[in-house]
Each structure stands twice: as C-alpha cells, then as structure tokens.
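After this come two complexes, each holding subunit A, first together with subunit B and then together with subunit C.
Moving on, here comes the complex of A and B:
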C-alpha cells in the first residue's frame, strides 16, 4: 500500500512540477516573475511544514532561519567577497548551526512554551539586525545587485536576476524540497515524526528518543528555510530586516494551514493562493488584509485541514 | 543665551538667508539651470487629437502599514498634480494616467508592486515611494526592469550610490542635506553643547553621523548621543543620561511613541529645560496644539515646507496649497482634524512636474526612449521656484540623481509653527560621493 501511495504521490507531484516547468514558456512577464517568487516562498513553507505539519511543532520564529540564511549569504558576498554559490553554502551552513543551537535550547520546552520561546528567539534575531545596524544595514537593508557575479552556463553569462535563471533556480529549489519531503515522509524517520505529532508520549514509550527526532526535524526545517532565504537573496537581490519580522514567521503558518498542513504539496498551493489573493484584492480595496483575513477564517472553518488536507481526506488517500 | 537674544539673532539670520537665497537664485539662473518655468494654469494646450495614448505613471503608495498617514497625503497630492497637469494639456500633449498600487510600506511587497506596475500595468514610469527601506527593497527591481523610478523619500540612499542609474530623487532633499543645512543655524543660535536623541536604527544613525560632522564644522560639541530602541515605549530612564551642560536637545523620534516621548520629556525637565530642536517627521500629521504637546511651546523644528501658510507665502505655494486642498493651518479643507504631511508631500507634486519636464525635453514617446530620457534628467541642473516647484528652487546633481533645496526652521508658539529661518540651498550641499552616469544603461 505504501509503495502504491508513493508511486501515486510521485506521479502527482511530477505532474505539478512538469506543469510548473512548462508554465515558464507561456506565462506573461508579471506572472512569470510572480511564480518565481511563489516557488521560493513555497520552499520556505515546505520547510516549515516539516516542523508544523509532520512533527506538530508550531514555531513563531521561523523568519529567523529564513533571514539568517539570507543575511549570511548576503553579508558573506558583501564582506567576504564570496561567490554566489559560496554565499548560498555559507547561508546554509550558518543556518544549520543556528538551528542546531536554537533547537538544543527551544526543544527543552513544548506546547505554548515552545511557541513563546521561538517567538522570543525570532524577535531577538530581528532586533539584533537593527542593533548591529552598521554591519547589517539595519532596517533599510541593502541590495546585492552590484556584488553578485554572473552565472556562467555553457560559456554564456547570466545575471542571477535574469527572469529565466530566476524561474529555473526557484523551480529546482522547490522540486528538490518536494521530493526530499516526499521521501522523508515515506521513510521510517518520517513515520516516527508523524507518530510524535500524533502522540508524543506513546512514541517515547515505544523506545524512540523523541528529543533527537524533534531536533532532526527542527534542524532540517531551519536549514531548508535558511537555504530558501539565501536563494531569495541571490535571485531577488534585496536583503532587509523585513524578512526577519514576525510577519514573515506568521506567513508560512498561514500558507501551510491554507494549503494543508501535513501534506507535501499543500504549502506550495497555500503560498500561491495567498500571493494571488493579496495581489488581486489589493487592486480592489486597500482593506485587502481584512478581506484576506475573513477568507482565511472561512477557509479554516469549512476546510480545517486545508485544501490538500481536505482533498486527501475525501478523495486522495495516497497523498503524502 | 537669553530668549530675547535668540530671537534677535533669529531675525537677523532670517534676513541674511533671504538675501543669500536671492543670491543663490541669481547664481542658479546664471549657470543655465533647467527652467521649470512658472506654468500659467490658464495656458491650456490641446491634447494631440486622439493620436496619443496617455502617459501611464505608476504610483507606489503606502496606503497601509506604518507609512499610511504619509501615503494618504502623497496620494492626494499626486492626484491633485495629475489633475492640474491634465488641465494644462498633459505631458507633451498626452494626458497622464496615475495607476496606484499599495505596497503596505513593506520592502517585500514594494518590489512586487514595482514589478506589477512595470510588467502588468505597463506604466511608463514608477514614482512616489517614501519610506527608505521600501525604496531599498524596490529600487533593485526597477533597475533590473530598466524602468525609470522617481522616489520621494528623503533617504540618503540615492545620493550615497547604493542604488542604480534608473533611480532618481529630483524633488525632495535627502536627510544628509537637511541636517547639514539646519545644523549651522542650530549651533550658532541655540547653543554649542548638543545632546542627540535618536531612534536606534538607520534613520537615527544618519542624524547622529551628520549632526556630529556639522558640530565639528560649526564649532559645536555633541555632549551625548542617546540611541533609543525602536520598540521602547517609555523614555524617562534615557533622560537621566542627558548631561547637565546640555544647551540643546536635538531629537528625531518617530513613530507612535513620539507623543509619550514629548510628554515624559516635559515631566522630566519641567519649565527649566535646554532648548529643544526636532525634525517635523515626528509630528507630521499631528496637530501641534494637541493636548500633551504644550511642552513643545518655544521649541524649534526643521520643516522642508512650512505647514502654516503665513510661513512661506509665494504664488507657487499658495497655488499648490489650494490645489491639494490644504487649509492655512496645514490640515485638510474638508476636515480640519486631518493634518497633512506637509513637509514631505510636495515632493510628489514636484516630481510629477520633473517627469513632465524630462519627457518634454527628451522627446520621450515610448519605452525605447528610456536611455534618452535618463540622460536628459542627468543633464538637468535644477528647477526654478514656481507652481511646478512650490517648495522652492532646486539644484540637481546628475551624478548623484539627487536634488538640493532650501530648508526652514520654525518655532512653536501660540499653538502653531512659525517660520524663523530659511536656509540657502548652498547650506545643504555636499560633495557628490557617487557618479551614476558611469553605470551602463
């Protein structure tokens, strides 16, 4: 059954990815760029889903991971003159260390305490960016455009902000995240994470070291969020404290809940819908946040498991 | 220094500055400044008989978020300017159409808005951004899309060289120029020993650094630098750090805590306090005679454009005030409680006229003419005072894409701001630190 589910799931996701790949040739300029951004942000949401959707840990400080990857990559390129790839790796490595340290402290708590500790760490990180203004460029942030080299493919040079490079880079990131997610969720580790989400005490009684599994999920989630942040820095060239604000921690929660927490593809669906919902409604009224809020409330009432979660419950039992 | 002495020097300075401004005007005229001539509102020109589509100008507005107060007034000013420009024949005979998108005062959304305006609405230009972090987040995208981006931000980021060749700030002075211009007056008239109180982030650091540089230049001394975290809601514990030999407290607090800041400052010092000098950014949109602001009576503020009509009564400023719908006290004519962001919003009015000038002088017809238009703007040396530029004449640097202009110092009295000093344009000028013209288009 699990093998059959894996095959269905892979077909489904490969179908979506193929559609995304083909879309780049037909989308108008604005939507081409928007989908690029959605894919990077959705990668962040997929990373967040490791923790919320599969392990049952809700963090209110995940912007710290996204921003630490972004800032490490950006400041590494700016101060240490790293290449773009070097910056990306530096961002990933830095976030791995940050999330490991964070996890060792934060996972000593659980439930609401965990939520508060993550919020406090996130705010501390955000305020540190403002406090060390002369090093981080503080609230204004900075543009990497002048400091990024060019990407060389078959002896041809491209800017990282080139629309095609941006789209395909984002596509590769999202593809990798979705596939890694799927395989982890079908692996024994993934089943244990789900067991922790469903009943942590029983999982512990079965002999699993719950702390280490939760630490694994948090480090994976944090590091993947950091890589998404570093990628965002390279492709969109702006680095600023806004990405460390609490709003940017809340966003992946909303994207994940809307799309379906605990489903691999849900965060991507939620991110896309939310992006276009804001984009569309803001063109009609300046009270778009109110409208979006009401829509979200109604969604949660009628589809508490999110869009993909509801589809899984009713028709797509094999959806991971 | 007694209050009387201060007043007499203020008056003297005002006279000198008026002369110097006239002198600067003559110099500017003599050097062949690009003339935004005073436009006669009755001199209508017909649109080119249906042959030309409108010039679309994308307005990146702060309708929501922390900049919403400014955004509301920026939008009113922009619409008023567009209405007036269309009434006199549009730009190069083409009507202008303003397409507004809200960026939520968020750099993340700002870049998306620039993208949307450029690629979905297919505007000719994007303009109007105020908050510096939104400019920083949006300008790279404008540069990548190669669309001229005219900001109305005050930030030093344009002149610093941090942005790109497509980004201009032609009609509002930057914070470095503002501080440089008024600091001389401050040190020479209010006192030499100054304590700086500023928000602990970039905007505050600009004030800290440039006021310190100005102190060295004018023989003043910064006796304390007190940075206040942006999340602070109570300020009394910072006031004990103010040295006793302080002659002047220079404050630039912004945000919702500013009224608490002023009230607690008053409670701390009582009637015997050092001179107070602040930037009007703290009180944009706030009625100066609001309860709790009594302590500000007798204090001084920088203004870019005097809020009260009697402080700067020119043909251009009167016309502008009427067109935007602002009464003589700086509030909306339809709602006297709705106080404007008068020291900033003129930038939108003036920038639309700068775009008009750029289009008409460059012969811009479509996006393929961007290079010519940009080179034309870079060739501008300034703008004359008039209906198109009611705040005053400007000197423009093509290298830095930034203008310089006059500033005002006002004193709070009788529940209003009274102009007591006007700087010359030269007071705020500094050597260019970048040259955008060397960047490729």
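Moving on, here comes the complex of A and C:
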C-alpha cells in the first residue's frame, strides 16, 4: 500500500513539475515572471507546511527564518564578498544555527504559548534588523544587483535576474523541496512526525523522544525557509525588512491552509491561487488585504482542510 | 551618581511620567486581551484593531461634533459600544463557527484583523489624523511643563481598571465570567449561560481596547496601522502577568510601561521594544505560567 501510494504520488508530482517545466516555453513574459516568483514563495510554503501540516506546530514567526536566510546571503555577499553560491550556503548555514537555537528555546512551550513565543522571536528579529540599520540598511533595504557577479553556464554569462535563469532556479528549488518532503513523509521519521501531530502524548508513550523529532522538524523547516529566502535574494536581487514583517509570517499560513496543510503539493497550489487572486484584486483596488482577510475567515470556517486536503479525503487517498 | 542625577534627573522624571501614562493605557488594552484569554481560552489577534477602531471612531466623533469636548464624550460612549457590537458579531459568526479551537481562532482573528484594517483604510484613508484634546492645560514642573490631558488619561484609565475589577468581583455577570474561567463544564452544568458569557467577555475585551483608543488619540494621531504595536505590547504584558490574571496584568503593564518609557527616553524606542519582546519570549519559555498566573492550558 505504501509503496503504491509512493509511486502514485511521485507520478502526480513529477507530472505537475513537468508541466511547470514546459510552461516556461509557452507563458507570456508577465506570467513567466509571476510563476518564478510563485515557485520561490511556494518553496517557502512547502518548508512551512513541514512544521504546520506534518508536525502540527503552528509558527507565527517564520518570516524570521526566511529573512535570516535572505539577509545572511545578501549581507554575506555585500560585506564578505562571497560568491552567489557562497552566499546561498552561508544563508543556509546561518538559518540552520538560528533555527536550532530558536527551537531549543521555543519547543519548551507548546500550544498557544508556542504561537506567541514564535511571534515574539519573529518580532525581535524584525526589530533588530531595524535597530542595526547601519549594518542591515534598515527599512530601505538594498539591491544586490551590483555585487552578484555573473553566472557562467557553458562559457556563456548570465545575470541572476535573467528571466530564464530565475525560472529554472526557482523550478529546481521547488522540485527539490517537493521531492524531499515526499521522501521524508514516506520514511519512518515522517510517520513519527505525523504521529506527533495526531497525538503527542501517545507518541511519547510509545517511547519516542518527541522533543528531538519536533526539533528536527523545526530545524528542517526553518533551514529550508532560509534557503528559500536566500534564493529569493539572489534571483530578485532585493533585500528588505518587509520580508521579516509579521505579514510575511502569516502569508505561508494562508497559502498552506488554502492549498491543504499536510499535503505535499498543497502549499504550492495555495501560493499560486493566492498570488493570482491578489494580483487580480490589485488591478481593481490597492486594498488586497481585505480579500486576504475574507479568504482566511471563510476558509477556516468552511474549508479547514484546504483544497488538496479535501481532494485527498474524497478521491485521492494516496496523496502524501 | 549625584551629578548624574543633577544632569539627568528631569529627564528621568519625564520618562517616569510618560511611562506611567503608557502603563495605565496599556493595562486597559491588555486587560481586555487577558479577560478574553482567561475566560474563552483563545488568543485574539484582532485585539489591536479594536483599539485602532476606538481611535478612528473618536476622530469621526470629533469631526461630526466639531467640538473637542463633546466629540470626546460622544466617542467615550459610542466607540466602545460599536466595537463591542463588532466583537459580538465576530464571536457569533466566526469564533463560534470554529468552536473556539485555539489555532483556528488565531487564523480567524488574523482574518478579522485584515478585514477591519482594510475597511478602515477604505473609509478613513491612509493618512494619520489628529484629534484635539478635550481639555488643554499644562502642569508646570520646576524643569518642564507637562500636558495635563496625559494625566487625565492616566486617571481615567485607572478609574476604568477599578471599574472592571469591581465588576468582576461584585456583579453577577462578573461571577459568571469567573466561573466560566475556572471550569467551563461545571459552570455550564450549574446553569451559567456560557455562550452569552463568551459573547459578553469578547465584547467587554473589545470595548476596553476601544476605550483605550479613544483616550490615547489626542496624544498620538489615529491611523489604520496603529493596532499592531499595542497588540504586541499587550501580549507582552498579558504573558508576563500570567494569562488570565487581572492583578498580574496590571503589575506587568507597569513594569513594561515604565521600562519602555525609560529605555525610550535614554536610548531608543526600537531597542525598548526589542528587549521587551525578547524578555517576554524568555519568560514564556522559562516560566510558562507567567509571573502571577495559573498554568497555561
């Protein structure tokens, strides 16, 4: 059964990924760049879902991880003159350390306290970006474009912000995240994480050290968010404190819940729908937050399992 | 040491004064949040927006009457009532629908936050608007003059805090609220109309925040984004004071308000907020029940 669902879900995901890969040759410029953006943000949501959907921990401070990856990469390139790859690795490593320290503290709490602790740590991180504005460029942020250098593939030079480079790097990131999540979810570790989500004390009773598994999930989720942030910095060459704001912690909750928490592909679907919805509303009024609010409320009342969650319940039992 | 006081004494005094005023207003906002958490066991992320609505309604009242004093008095009555009704409405049609599940209510109230904020943006506009103080006089200290209205704000907040205290301890509704807080099931078995109690607690919490908004708006201006900061500050206060404890909330409001005043005057407001948020995260981690509270569920 498990093997069969693994095969099914791999086919399903590879199908979606192939579609995404082919789309880049068809899409008009505007949608081409939108889909690249969606894929980077969806990677962030996939990372977030790892904690919310599979481990059952809701964090209100994930922007901290996204922004720490972004800032570590950007500031590393700016001050330490790292290469782009070096910046990405530095961002990943930095976020790994941050999420480990954060996890050791925050996981001592649970439930509502965990939510508030994550909110507070996230806010502290945001405020420290503003406070050390001489070092981080505070609210204005800065552009990396001048410091990034060029990417050489087959003796040809490309800019990182080149649309095709952007699309394909975002694509690689999303592919990696989706496949890694699928494999983890089919591995014993993933099963234990789901067991923690379903019933923490029973899992503990079975002899598992729940704390370490939760710490693993949090560090993985945080680091992956950080890598998504670092990639965002490289591909969109802008670094700013808005990415550390509380709104940016709320966005992945919305995307994940809309697409379906606890499904691998759900966060991507949710991100795509929300992105285009906001894009569409922005054409009519600048006040798209109203829509975000209404969607959040309606969804949590009538549609708590999200799109893919509902599909799974009805037809696609094998969906991871 | 003495020369430091000679030099910085007036500044310290100013910081203490400002801190006290902040503390009283903060206590009012945080008390609302604390009551809601204590009785309903939910975290209301939209609480800061209730405060913002109070300030915005106050501007409309001022605009309508064109008289600071009458506008203020009108707002003092109308704003908490309107915000209370909004709170009852969201309790009835949103919170009850998600069965007060802790994480669902957080998501739902985030939605309410966005809705309130953007509707205000549409109706009120993006700019900050000032409201004249109902009474204007200065109290002259040897070193500087101080706005008398700020002291009135502190006094009125103290009066309201006392009022809530008496209400909780002496009235029947307050007794019901405390019973629901202690044990929902048993209170219900004994005939406490828990559903109505939930609605009234949510309205009371929102009303207190709105009242604080009305009081504060002549000191600072009203704008549609002003809710976030008091929300975070009152989280800090409620957590340090212990979720659901009135006395703890008031004590913590003073700790945060006055230290915020001192750090803001001598260093920087951002640093003060940074230290406070970090502090509260550590309090929650190391002593999850807060300084005065019962165990957090």
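Definition applied: the second predicted complex is superposed on the first by the 313 of 320 C-alpha atoms of A that agree within 3 Å, B and C clash if a C-alpha of one lies under 4 Å from a C-alpha of the other, contacts with A are read in each partner's own complex, and residues count from 1 in each chain.
Note that a contact is a pair of C-beta atoms (placed from the backbone, for glycine too) under 8 Å apart; a residue touches a chain by one contact, two chains touch by 3 or more.
Note that the coordinates shown come from a computational prediction; the quantities given were computed from them, not determined experimentally.
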### Message
Please determine, from the superposition on subunit A, whether subunit B and subunit C clash or fit.
### Response
clash
### Message
After the superposition on A, what does A:130 contact: first (subunit B), second (subunit C), both or neither?
### Response
both
### Contacts of A:115 with subunit B and subunit C, given as first, second, both or neither
second
### Query
Between subunit B (first) and subunit C (second), which does A:289 come into contact with in this model arrangement: first, second, both, or neither?
both
### Message
Which partner chains sit in contact with A:34 here, subunit B, subunit C, both or neither? Use first/second/both/neither.
### Response
first
### Task
For A:236, select first, second, both or neither according to whether it touches subunit B, subunit C, the two together, or no partner.
first
### Task
Determine, under the contact definition given at the top, whether A:142 touches first (subunit B), second (subunit C), both, or neither.
first
### Task
Would you check which partner chain A:207 touches, where first means subunit B only, second means subunit C only, and both and neither mean what they say?
neither
#### Entry: Contacts on subunit A seen with subunit B and repeated with subunit C across the two complexes
127, 130-131, 289
### Summary
Interface with subunit A, subunit C side, in the complex: residues 43, 94, 97-98, 102-104, 106-108, 110-119, 121-122, 228, 232, 235-236, 239, 268, 270-271, 273-274, 277-278, 280-282, 284-286, 288, 296-297
### Query
subunit C touches which residues of subunit A in the complex?
58, 60, 105-106, 108-109, 111-113, 115-117, 119-121, 123-124, 127-128, 130-131, 246, 250, 253, 257, 287, 289-290, 292-297, 300-301, 304
### Message
Quick check on the complex: what are the subunit B residues that touch subunit A?
### Response
63-64, 101-102, 106-108, 111-112, 115-116, 119-120, 132-133, 136-137, 139-141, 143-144, 155, 157, 162-164, 200-203, 205, 229-231
### Task
Quick one: which bits of subunit A touch subunit B in the complex? Just the residue numbers, please.
28-30, 33-34, 37, 127, 130-131, 133-134, 137-145, 159, 161, 236-238, 240-243, 248, 279, 282-283, 286, 288-289
